[in-house]
Structure formats: C-alpha cells, structure tokens
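Sending over a structure as structure tokens; questions will come in a sec.
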Amino acid sequence: MYGKFSLVSHKSRLFCGAAVALAAIALASCSAPPKGTAAAKPATKVASVKEPEDAATQRHLHLLTSAQYLNTVSYALGPDVRPEAEARFAPTVRTDGLLQVGTSKAGVNDTQVEVFQKVAVAVATTAMDPVRRKFLMPCTPKDEKAADAACASQFITRVGKLMFRRPLPADKVAELVNQANASADRLQDFYAGLGVAIEAILVSPKTLFVAESVEPDPAHPGHLRLDAYSLASRLSFFLWNSGPDEAVLKAAETGEIQTPKGRAKLVEMMLASPRLEAGMRAFFDDMLGFDELSALAKDATVYPAFTGATVEDAHEQTLRTMVDQLLVKNRDYRDLFTSRETFLSPVLGALYNLPTSSDWTAYTFPDGSPRTGFLTQISFLAGHSHPGRSSPTLRGKALREILMCQPVPRPPANVDFSIVENPNPNLHTARDRLELHRKNPVCAGCHKITDPMGLALENFDGAGQYRDNEKGWKIDTSGALDGKAFNDVIGLGQAMHDHPAVTSCMVKRVFAYGTGGSTDNQDQEELAYYGARFAEQGYRLKDLLRTVALSQAFSTIRESAPAEQPVKAAEAASSDAINAK
Amino acid sequence: MKNTHVAGLISGVVALFGAAGMTQAADAPAAAPAAAPAGAADTVRNRAIGYVMVSENRAIYETKDGKTECPQGYNDGPREQFKLRNPDEAKRTVMNTRLSFESEVWHPATTPDPLPYHYIQGNIGEGLNLDGKVGPNDLSSPLGEKGIDNNLYRAIGCTRNFRADGETSILTPQWRSRARYNTFVIELTDVDSLANDDDVTVTTYRGLDKLIADATGNSYLPGGTQTADMTFGRKFIQSFKGKIKDGVLTTEAKDLWMPTASVYDPRDGGPDTLYRAMRFQLNVAAKSADGYMGGYADIESWYYASHNTRDALHQSYGGTSGPSMYRALMKLADYAPDKNGVNTAISSALNVRFTQVFVRHPDAQVAKAPIDTSATIQTTGQRE
Amino acid sequence: MFKRTVASCVVLAAAVAGGTGIAAETKNSVLEAYVHEPMPSIVQVVGTEMDGPVFADSRGHTLYVFGGGRDRGGYGGGGDPKDKSNCHTTVDKVTTGNMAPWPAGMELPDLATRKSCAEVWPPLYAADDAKPVGNWSIITRDDGKKQWAFDHKAVYTSTLDQRQGDVNGGGYLHAQGASGTVRTPISPREDLPAQFDVESMPTGRMLTLVDGFSVYTWDKDGPNKSNCDGACLAQWKPVLAAATAPQVHGDWAIIARSPGVFQWTYRKKPLYALNGDQQKRSFHGADIPGWHNVYTTPGPAFPKGFTVQRNPGGDVLADASGKTIYIFNCIEDAADQQACDHPTTTQQYRWAICGGFDVKKCNADFPYVVADKNAKSTSQIWGVKDVDPTTGRYVDPGTPGSVHVWTFRDRPLYTFARDTAPGDVRANAWGEGNGWRNGFHAFWVREEFRRQF
Amino acid sequence: MTNSILSKLNRRRVLRGMVDGGAVTVALPLLNVFLNGNGTALADGKPMPVRFGTWYWGLGVAKDVFVPKKVGANWEITEEMEALRGVQKHINVFTNFTAFKDNAQNFCHHTGWVIGRTGIAPMQSGEVPGETLDISVANSIGRTTRFRTLTASASGSARDTQSYDNPQTPNAAETSPMAFYTRLFGPDFQDPNAPTFTPNPKIMVRKSALSGVMDDIKDLNKVVGSEDRERIEQYFTGLRHIEQQFQQQLTKPEPIASCKAPEKFKEDAKNGTDTTLMAARHKMLSDLMAMAVACDQTRVFNMTYGGQGVTKLGYEKPHHTCTHEEPVDEKLGYQTVCSWFTRRAFENWAYVVDAFAKIKEGDGSLLDNVLIYANTDHGLARIHSLDGMAMFTAGRAGGKMKTGLHVAGDGSPVTRLGYTAMKVMGLNVRSWGTKSNNTSKEVGEILA
C-alpha cells in the first residue's frame, strides 16, 4: 500500500502544496526515514487558495452502517425506536484508514439481508405499537380494522421520504399504499397492514444503500454533478452521520441545494445544528480507530486500576475533548496536540490521580503538566500499548498511521522478539530494550520511524498512568520527530502541532470521509486546496467541513471510465425520470 | 490548628469547581523528569488527605476451630431455638412460635435467658484500650497488649454470624462499600506528614459517590473522589483531634454516628449506629489506611440496626437470636449508665480498611423538599 | 397548600372521574388520559388520587389482580397462576412456610374470625353469556363459576374499598418492596408517548422517562419554547421527539429546538432529563433553583398540620410536632396471603411487633396520629376515623374510649415514642422482613438513598 | 513469549493481547464450522436444521468434588457428576470460567447467570441488561418455526426464566406441563404428518410486499456502475432467500418422521419444591420440549431446573439457605447437603440430555443436531463467587461440535462459551460481551 502511495507522491505534479507533499512522503522505506521535512515552508505561504478547475470526486454506492441506519430510523420514528440489538450489521473493512470508505465496497450476503429484514420487522412493530403510533402518526384511520388509503398514504409518504432520502415517486407511494391496504384487509388491522408497508420501505435497497446518482452539471457543460437528493445525502451523512432531515430534503426539492447561495445557507444550518456533534463523534471514532476500543483490556494484575469502565470513559473523554475543542470552542485543530483542556469522569480520576466531581467535569491540566494534548489521554496511550506494558513502538506507529497518514510497514515474520521480552538485568527501561532491538538491522529501519516519538510518551504506562521511572530507573523521554528534537512529551506535542503532515492528514481524512472514497493521485491538487484553506482559516474543523462541503469536488462527479461517460450521462439523465416516475 | 472547610474546595487543591471547569494540581509535578522515590505521598494535597472505608467488621479474635474461645460451641439462632422454645410439634402456632419470637426481638428483655447462651471464654481479644486502664476483666491482644476493652466481642464472639466466615461478617464490608447510604469517609486535615505529625484533624462524612472498583472487581482503587454529604448526612459529621506517630494515627474519643443500612434495601436504614467515645487508631499511608476504630456501641442503636438490616431469616444463617443476644449485650454493658445506673453501651472495636480518595466539599446547596407543606423543612441529626 | 409543580396542573384539563355517583370527597380523583381499549361492559375506568386511572366494577370499586411484590429469599412466590384463581371460598388455616425460618403448617392467628380469601377479595364474576374482549378473558373457578381475568390474571375487588376511587386493597402506596405477594390494582395504559412513564409517588404521579429517570421543567422556558442553550445543555438533556410526531396530542406537543431537532413538551413546558441524575425517580434536578419535577396529577395535600422532616435517608412525613409518621404493613404467611394491616383484619401481627402483645405498651410506643376533633381531610386517600385503641378496630364516632385518628388508605397512622428529634426514624424497618412483611416503615416523602451503587 | 512475566499475567488478557501483536482484536475469518457441516441429512437430502437450547441450574458446584482432574477427553467422573456417567459421551463440561462484573455490583444469584446469558454485567438489581443468548440465536435461526423460542421451568415459578428479549421483556417460563402440552400440541398444533394446513396471513402479506422491494433493485441497477451492480445483485439474492423462507412458512410442512405428538396428560404435575416433585415436573417438561424440537415447532428452547428454592424431604432448609448455613464439612472440605442438591440437579441435566438423545432423527439422534448450553449463577454459592464457574454443553450441533470433553477455563470469561455457541449456530458476530466479558475467542477445543 505505502509503496504505491509513495510512487504517487514522487510522480505528483504538485510542488506548491507543501502540506500534502509531506503527507505523501509517507514511509516508503523504513531504511530512509524522512529527514528535515519539518523545516518545510509553512502552508500559509500558499498563495493560491482556488479550487482546481477540474475538481471532482467519484460517486459511490454506500451501504449504510448500523449507526447511520439507526440514526435515520430514530430520527424519523423516535429516539426510542432504535433496535440496536437487532441492527448488528456486519462491520466493514477499514479502507485507507476509514471504515466509512469501506462501506462503498461492502457487499451484502444472505445473512445480512436477513438481518435487515428482521430489523425492519422490529422497527415497524415498535412504531406501530399502540402506544407509539398515537404519538407518531399524523392521522388515525377511520376504522382500525380496515384499510384507510388516505391515512396510510400520509404516513408512507413521510417515512418513505426520510428513509429513501428522496420523495417517493407517485407510483411507488401507490404501490406501498396498495400493499398496506391489501395487508390491512387481509389481517383486518390497519396498523398491521401499514407496518408491512413500512417493513417494505425499510428492507428496500433504496434505504440500505446510498446510491449516488448524477445529472449533467449546467454550470460545467460536459460534466456531471450529484443530483440534488444525492448531494443532500452526501452532506447529511458527512456532517450528521444520518440521513437528511426534512429541511435538507426541502433544499433538494426546491433545487436550492444546487445553487451556491442555497448550498451555503444549508451547510451553515447543518454546521450550526446540534446534530453536528453526533456526526463528528462518528468521524473521530472512525478516524481514530475507536471501534477497536471495545475489545481493549489490560492485565488486571499489572494494571488493577484499568477496568472495562475505564475504556468506556477514556473513549468518551477523547470524544468530549474533540467536540469541546473543535466544535464548541472552535479551536485550531493543531492545538489538540498541545491543549491541556479536557474532561474527567470519576473513574478516570483514579488513573489520572485527580479529584473529580460526581459526573463528567471540564478540567484543565496546569502549565508544565506532562498531560498535554490528546496523545496523553488514556484512549491513545492505553489503546496503543500491550496488555501488561507500554509500547513506544505501537504508539509511534499509531501516531504515524492515524494522525499523519503515514503507513508503517509491518515487522518481518521471522523477527526475534526475545530481546524485548526476556528479562535482561542490564535493560531497565523500554528505551534500553528498544535500543538493543535497533541494533538488529532488520528492525532498525522501521523502529527509527516509530520509537523516537513513542519513547517520548514513556512517562505513561500501558494503562496511561503517569510515572517518572520504570522500576526505579529514571525514564528518558527525549526523542525526535522528523528531525525536530525534543526532551519530553510536551516537546512531542509541539512537534506534532507544527508538523504539516498532521494537518494534511486531517484534510485527507475529512475529505475521504465526506466523499466516501479513497483519495488518490487525482485528488492531490484538491487536497492541497483544502489544506491551504484549512491553514488560511487557522485550522478550524468547522471551516474545513464547510470548505469540503461547499467545494466543487464534493458535488461534481468524475466518472471512473471516461469512455463510458456519455452512456453514464444518459443514464443519469434518465435517472431523474426513474426517480420521478 | 482549626479545621476549616471552604465551600467548593477540594481538599488539597486550590481551585474552585465552577461551571467553566476546574483547574488543579496535575497528577504529577510539573514536567517531573527526575526519578522521585516511588510512592511519594502525592495524595496529600493542601495538607489534607481523604479516605473512604472499604471494609468494616467487628474485631473478633478467633482460633482455628473456635474450641479455645467457644469451648461449648456456637450459639443457637432462631431456627434452633424454635425447637427448644416449642418442643411439642403439635402445639406450634404462628402466635406461639413466630410472633412470640418476633415480639421478643423487637421488645427484648433483660430477664434471665431461659435458653443456653455462650460467651467468649478466656482473655485474648482484639481492639483498643478504651479507658486507658488495665483492668482485671480486660482482654490482652494476641501479641500481648494489655488492657483491651471489647465486651462486644465477649457477647457475640461465639455467634457464627459474627465470626470470620459468618454471613454477617462476609456482608458487612460489602454494605459499607456498596450501599450508597453507608459510604463512610474520613478526611485528615492540617497534615504536614503522614509519618509524624503531632496535630492533625480527622473529620468524618458520609460520601456521596460510588467507590471505584479495580479490574478484579474485588477491591477498590485509591484516587477516587468522594463528595461530602452536607445536606442529608450532617448527622455523620464529627471531627477529632489526632496525631500521627510513626505512621500510626490516633485520635481523641468522641461520639460518632455511623450510617447503617442494608445493602438489600437501603430504605431500611434509619436508626444508624451510635458509638460513644469512638476513636481511631489507623496505619495511614498515601494510598490506604487500616486499623481499628474503638468505642462503646450504644446498645439500643446497635441492636436495632442489626435487626433492621437483617431479619430472622438472615439471622438464622448464622445463629443469631435477637432476644438472647440482647441479654448478653446488656449483661456485659460497661459504659454510659442511665439514670437507673444501668449501662447502655458496650465496649467494642471495629476492624476497618480505607482506600485513599479526594474529598470534595460541594457548594452548599440545600436540597428542597419535593413538596411544599406549610411546615418548614428541618435538618436533623446534628450531633450534640 | 399543596404546591403544584407544574403551574398549569392546578387547572387540570382532564375531566373529573365519571360524573355520577361521586361524592364531594372524590374531587381530587382526576381521570388522567388513558388509552381506551376494549373491556367488558361491566368494567369502567375511574380516576384515583394516587394511582392514576384504574379499572373498576360497575360500582366504581377498583379491580385488582393477585400477584406482585417479590418472592422472599427464593422461597417461591404466591399469587394466582395464569388463567386460574387460587382465591378460594374456604378459609386457609395454616401457614405455607414462606416465612423461613418458620415452617409450614402452623395454625394462623384469630382463626375463629378469619375470612376466606374470596370473602375479602370478591371475584369479579362474569355473566354466563359474557365473551372475552381485548385483554379480558373468562376463567372458570373451582366451583364452576365464571370470573373475569385481565392479562390472564383473575380479577377481584376488595372489601376495603367502599367508594369509587378508593385503592385500599393494595396496601401502602403500590406496596413496592413488600415481602410477600400483594394485590395490585389494574389500570389501563396511560396515554403517553412511549418514551415516558408515570410512577405513583407520595408526592404525586411523577412523569419519568421509561427507564425511570425523572424529567424536569424550567421556569425560564416559555410556553412551548425552550430557552435552555449553551451552558444549560451541559447539565440538562432535552427529551427529543421523532421528526414524524404530530405537533400536538392532548397535553403533549413537540417543538423544534433547532431546524430538525424536536423536543417534547408537556402542558406547554419543554421536558429535560438531568445529566448524571442520582437515581430513578429523583428529586435531585428540582433542587436546582428554577427546575421542577413533573406530575401528571400532583398528590393530594397532606393533612393540615403535617410537616416534612429531613434525616439521613431523605425526607419523611411527620406530625405537627415533627414526629415521624409510620405506616404498618403486614401480609400473612397463608396461601391466600391476606393483608393483616387493617383494623378489620387480625391485630395480632401488629401487637407482636408494636408491643410484644402488650396492647397498652403498643399504644404507648406506637401511638396513633391523633386528629383534631374538627379535622377534615381535603382528599379521599387521607381520612379521619375513630378507633378503639384496645381492639385496634374502627368504631362509631364518639364511642367512649375511642381515638380520633388520621388514616391513609383507610389505615391508621402511627408515631413512635422513642423518636425524640424531628427526623428520627428509629422504628423504620421494625418488624419481620425488615418491616416489609410485618412491621413499620416511615412515611417517606423523598427517599434520597434508595438506589444502591 | 516464554518468560516469567507471562506466567504472572492473566492468561485471558495475554491471549487477547497477542492477537495481531497489540491490544487489538481483528476480524477473524468465519470459523470453518460454517463451511463444512457434516451432520446427518434428511432422507430427501436436506441437512437437518441445527437447534439451540439452554438449561439452567442454580447455586453452582462444589469445586473439590466437581472439577475433574483430567482435561480433554475421557475425564474421570467426579463425585458430584456421578449422575452424568450415562451421558458423558454426549456432553462437555467446562470448569473454572469467570463472570466479570467490572464496576457493577455483584447481585447475588443474578449477576453470574446474566453474564453467561447476555455477556453483560447488570448494573441494577434484577436487571437483565440485554437480550439473552437464546434470543440472539432465535433471532437468527428461529424465525421460520412456529415458535421463535420456548421456555419452561421446573421450579413452578414463571419468573424463573433466563430468557429476555430486552430488559423489559422476559420470556416467562411455562411451569405447568399441562398448559405447556396444550400450547404445543393442543388445537393449534399443525402436525407435520397431518393432511391439512393453514398458512399464516401475516407471512403472506409480507411475502407479497417483497415483490415491490425487488422492483427497487431494478431501479437501483439503472443508476449504479457495473461494479456496484454486483453488490445490488447480491442484495437481490438475499431478498430471494427471505422470500424462500416466507414461502417455506406458507407451505405445508414436510412430514417429520421423528415427530409424534405425545399423549395428553391425565393430570398436571403437583406443585412443590421438593426434589422429587421438581424432578417429576422437569421430566414432563423435558419430554414435551424434546418433542417440540423434534416436530420443528421451535429451534430454540430454554429449560430451567430450579433456582434457589429447591427443598429436600426431611431437611429444613431449601438449597439456597443451605449454601449459606451449612458448615463446610471439616473432613470432606465442602458443604455436603448443598452438594446433595447439586447432584439432584445433575440428575435432571442427565435426563434432559437423554430426552433428546433417545429421539431418533435421520441416521442418528435428535441430540446430534442440537447444541444445549447450560450454566448457573455462581461458582461457590456460599460466598456468591463469580469465578470458578461451571458450564456444560450437550449435543453435536449437526457435527460442528465434539463431545465428551472437559475444558478448563483458567479464569477466562464465561462469555467464551456463549460466543462459541453463537458462532456454531451461524451467527455473524465478531465478539460478544462488554467490558471484561468481551471476548472474541471461541472455546476451540470443542469445535469439530
């Protein structure tokens, strides 16, 4: 993977976007770690902040994640209509660092369709429950024991639109109403009949697949763009991790979403909505690989303070910090690596050795505290450690891969770990052991990439607790990141803060997450544009989201096989007819 | 030095909690690069350290098979006494068995016990020298310390429930750590050193927060936070002057109410337990404290608390008969005579363990009564 | 004066129960909105003061099923099995052995006057031609008679209920925590969005989320308008509604907090939950100035002169002098698990606990809560009656030697002589099974430490 | 990794941590049990369905007389398992597993079994925090039969159930053999060997609704690229599969040779908690249950032997009280009467295993196509311990499982067995349980 990537970077026609170029340096070969790259020109020097003229993305067919499905359903039918237990969709494969990208490739097998069908039954049954339906249905049937086309039609139109994320064509409504009527008559129960129609909506591939459809772009003759409803969905899943709501659909219906002004207004509304928090929590969960936390455990004899409750709260702590810093306080993204502001729960207090309140409380570590930036939070420190000890290598690797988008090669299969594992009276600290390890030339290359950063985090044990010594031996936390040397974790945080790969990686992830596909060669220029805007606007997440959401690339579609383009365009044009029929 | 509490202060910490958050000393000294000696008492902050009780049991000295201290065996409980009290099976009725027994449980007498009861034999026991004297009836510790006053041990030491593997002994520590009603916190203030300090203050509180269990689930972690209950739990607040010598804290003696509810049904709390002239003798360390609390258990509150939290079925688990036990308690009572000269309290000691916590003193916020009657809401239970 | 937590509750929109045959004293029995479901023609729904809408027979007498409460120590519960009545016309004479350590087969107290289960719990008989309807079915009793069953549980009335709206059969509140099998009134479902529930509390019918946690309202909100933003949201969580919910439904409505984000309002007040609330049915949020618990029906006012006292467990009801008020609770260890906590039942259990069978001591230690000569209850659930303290029975007013006492659910109330300071609850949990089987409990108004960790 | 640190480490955590070299679990490929079902087949060549059941007994075991010394096959029958001698070849025994409560409280006689059945430690007394194992399985395999799941308890109390759809919805246990008979084989019973058949109208309408859904596929196909069309096709196949399931439910059932509705009971079982009365009820319920499974009325079932209230004639305390009151026999080192109760429980376990084994199905027995999971509430009930927990399985799950084995859990989570059961039953789960009970490690020893 990284090999291909590095190839791309060398061939890149880009020179101006320093940020991207750095990200792209990747770790082509462990034998040649990047040197002195941190000294590159600051990104703000980039004069051009115009989006490339041919900016475009590919369209995708996404399978909804269970969270997206549940968010959409519970938005439509109530916060308590959320059958989490039934909605166990098969996990997707993490692709280019994101599960969301994997959804554009995920297939659906018999078992999964069976799951969809059962969830649909659970949702419809719950929604049609006598208690819920009274407070959910806009109408009541004339006779509960018989069909009522008018009432069924009202509800089907409304729910169908939210689930299909576009209005149902009249004939589809008619078909579903007929289905509800026939079922109601057969079952002698209006609601049971309506439930069958709701099930049919929910189990439809139009609900479970987000199929992006395109139309000719009048502003760019010869080019394609997402149709209004596809754009509405793309925006909504990007920002809210949920299907579009009535207001977003309305903007699509009126065509406002396709006008620059209308789209800007809509995106502004979406960024201001409280639903943005859920959307960004989903993004950070995905980017930071927090799905792995659910299986994180520590050796109870080594870290008695680290429990299942710790994992949950450590996860929450980081997400709360992200939301607070980046959304509520609108801080510079890079400050995440140096900020001392966070939140504490009672359970975390025991690991941080700090008093707390009875619930979550905002907390700021004092100046000079080694707890600086989110790298020093337990979710990162413990999440990238071994069950019984810390791991500078795992931490360094995570830092490279997750936060700098620089894949680190896996160790060779035949490596001898005994040096690290065996007790050796002369090796007191992780640094001692790793230094010996690095004497093995097979290992040295890669460990040089990860360890100097990871060792700076050695003041925190495998559970993320502070320590200043390892079994009585003083811990040396000095290290370097791509040529920038530091003495401790504060220095590491600052080096990360200043490293262009950190921001370019964020840009790359946000873009890939929002548009749903892997980034490749063709996207480099676009990424550079976002990076430049990001820098210009002081690295504010909301601004980055806005830039991406309003960009030409976000809505303009590049067909993968240009030869087929005319055909596709024709099909796309007819897709309107399909959707309108 | 006077023990002061400022609303909003965390012990050992400078800053206030506020809507905007809090700022406190970090979990490590600034940038602390040097290898400091491990286990430094960084839990003492602003000259204070708190602990929450994780285990409490009556100080019961026992030999392996119990034959030394209970040569006649262990006491009968309701189940065994049932047969002795009503030997004729045909004549047993609800009135003359169950209700008759229960009526004695709730209205115990000091008349001679018609049924056999076994007291501890010998003079070895655990606890503290409460009266500062070495009397002829005092116990000696297994290590030879003389003058130990623990008549409660004599009275209940041959009852299985109170012995190490008895149900009550197994459950009492759990009640202390798990029933929200019962959380018992001490805070040491004016602390200059946990090793030697000739003037510290110990204040007791009920804590309002859940104890934090470790990964094994079997013990509790230091470093948690307990909010002192200043609204409902004022009855449990008491302060003691004390000193620390070679790591051992001792305090003056004062009356102390300890919250006493059943873990099964915290609503069944209420009477609580009053200890007269209670004092502490604890080994104190950065992360934990353990040792004895010794004082004279007020028999009425001690006896009723034990029955309000454990009914005849539970008492049957370990051979506790209320009517017999009450007689034993009164017989060995050795403190606080009433106006008729009858002692109302009995010397006793508790085996206690604590884990370190930060004690939070919340902003004074008065809980409203959920309804507003014409009457004023009164807070009660302030100690005399 | 009783404080209405939700201002608009004072003028409840809901209708007064029924409309006919209701004496003036039932005026507090508001009929909350409920879900109308098919039921037998002889059954009606009536309002009650503290138990919400309940099913009642044609006289308006509350209907009950046998089964509820908890088993004791794993000794198997009682109650009726599915589609069968275990409430017979023969008199149970011996214990069933559910009160370990006491064995089964022992003679019960006051056998001469002990009634059969069916005498004190008259079955709701079904006519020969009655047909099952909705949740109601018909079972055949052992004597061949037909009896209505609700959700497959045989249905009864209680001889303790005399008037429409009385719910005296079920014991103190809904007998939660009672050890033994209790009778519980049966009710139609409250007409609430599925996210909510209503719990009968001493303070009223408290609106909660389905998980039992309290919901609250805020003085600073306007009618159907939330002003809780920013810092307010750090502490309070709006209760959100579905996008497809209709705008208004009875007392309920939804408002848009921001485009596409909807919040429930009840009687025009936006609803919130408290982040980190202490326990279910908490009053904690209402301790914060400007915030209130929500009641569908506030509880009836406590008798004039009663006070509320604070102690380490919460707040208890007390008499004018501050002495805690106790209720006596009792369930017999017989197959029919009859109550033994009422002046019409055997007094032996109470006398055993309150005075060791010494009636004088009992009356001295646990005196009745005496009412003024002219005291009048403003509600149905609180009352004044005359009791003969030597027998524990109700007597006609003015009977020599009788005491004029306050009652709750038609049962006398007590104080405890050894309680000296206001808030003392020395007799709380006195009796068998920590007082839940046979004994005394303080009348808690606010239980602050009910939840375990 | 062969140094001394390892021996000190909790084995479970180390094993988990070793996956992929970090404290990270990776998606494991589907177990090969899905791929090579080698169970017996019906005469017409269709493989026998694999069914799932549970069995519950209360109050744990006495370790010293329960745990066999030998691990693996041919373990020695221990004193407490004497009753299982006859069924040893049909069962596996699991010892020394742990139910982790993490930061939850240990709710006596509750937390232990709840973790075994839901993977989650309850936070509230009496709470069952998630759907139970049987329901997860039933939701996967139980939808095609008349009953998604059946639950019966010999204790006499309908509340003695270990089956919950969610915290608010326990599946109440059948306690009366008579009533259970009526439910199973009364008027609503559709005898697969009978000539008449009435289809379920709800299924009919659902099936008819599917055709509209399939039309949606056509619409979608028009707007997606060729690569994605394959994925849409896959979806279509899935829908066809559902349709087939519906069709199956609407079709008169195939005759089932082993299905023979039992005779109606003359009288119901007696009430009472004595072990002999319990056994009588358990026997009647077990026979009914086995036949309900044989007749394909359900593919998932639950049996409860008894909770805490089982009594012994001539002994004044029930089993639960016994665990708390009976002194440990000084010579034998365990509570003898309590163990007596446990031995009676295992007689019933042997009975239910045998009830399935004696029904012939295909070339073998019904048991060959069943997996029964059995668990309890505590390790040592006396101190309410949640470690040293014992479990059983019975049956070969259509050839996917080995039997006759003793597996030592070494303190690893009880959820491993539930997780294994789910995998064997074909559920697509990556891991199961929360916090320390989370596992993605099967009990590999028992997989064929």
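First chain written, first letter: the chains are A, B, C and D, and each begins at residue 1.
In this section, contacts are C-beta pairs under 8 Å (C-beta built on N, C-alpha and C of every residue); 3 or more make two chains touch, one makes a residue touch a chain.
This one's a predicted model, so the numbers in the text were calculated from it and none came from an experiment.
J.: Pick the chain whose C-alpha centre of mass, unweighted, sits closest to the average of all protein C-alpha coordinates shown.
T.: Of all chains shown, the one whose C-alpha centroid lies nearest the global centroid is D.
J.: Count the touching C-beta pairs: is A-D or A-B ahead?
T.: Result of the comparison of A-D and A-B: A-D.
J.: Starting from the mean Cα coordinates of chain B and chain C, work out the distance between those two points in Å.
T.: Result: the chain centres lie 35 Å from each other.
J.: How many angstrom lie between the CA centroids of chain A and chain B, rounded to a whole number?
T.: Comparing mean C-alpha positions, chain B is 52 Å from chain A.
J.: Chain B to chain D: how many Å between their CA centres?
T.: From the centre of chain B to the centre of chain D is 44 Å.
J.: For chain D, give me the residues that contact two or more of the other chains.
T.: Counting only residues that touch two or more other chains, chain D contributes 100, 102-103, 105, 316, 321, 436.
J.: Which residues does chain C have that touch at least 2 chains other than itself?
T.: Counting only residues that touch two or more other chains, chain C contributes 73, 100-101, 103, 452-453.
J.: Which chain B residues reach two or more other chains?
T.: Residue numbers touching two or more other chains: 79, 178, 210, 212-213, 215, 217, 313, 316.
J.: Name, in rising order, each residue of chain D that touches chain A in their complex.
T.: Within the complex, chain D touches chain A at residues 1, 3-5, 8-10, 12-14, 16-17, 21-25, 27, 100, 102-103, 130-131, 136, 139-140, 143, 166, 201-202, 204-206, 208-210, 212-213, 215-217, 219-220, 222-225, 228, 230-232, 234-235, 237-239, 241-242, 245, 426, 428-431, 434-438, 440.
J.: Quick check on the complex: what are the chain D residues that touch chain C?
T.: 105, 109, 125, 155-159, 175-176, 179, 273, 307-309, 316-318, 320-321
J.: Using the touch definition from the top, list the residues of chain A that touch chain D in their complex.
T.: 59-61, 63, 85-86, 88, 90-91, 93, 106-114, 116-118, 175-176, 179, 182-183, 186-187, 192-193, 196-197, 199-200, 203-206, 208-209, 211, 213, 292, 294-302, 307-309, 311-312, 347, 382-388, 391, 394, 411, 417, 421-423, 560, 568, 571-572, 574-575, 578
J.: Within the complex, which stretch of chain B touches chain C?
T.: 19, 77-79, 82, 92-95, 97-100, 102-104, 106-107, 178-181, 206, 210-211, 232-233, 235-236, 259, 261-272, 304, 308-313, 316, 365-381
J.: In their complex, what parts of chain A are in touch with chain C?
T.: Residues 74-81, 129-132, 134-138, 155, 158-159, 162, 245-248, 269, 272-275, 358-360 of chain A touch chain C in their complex.
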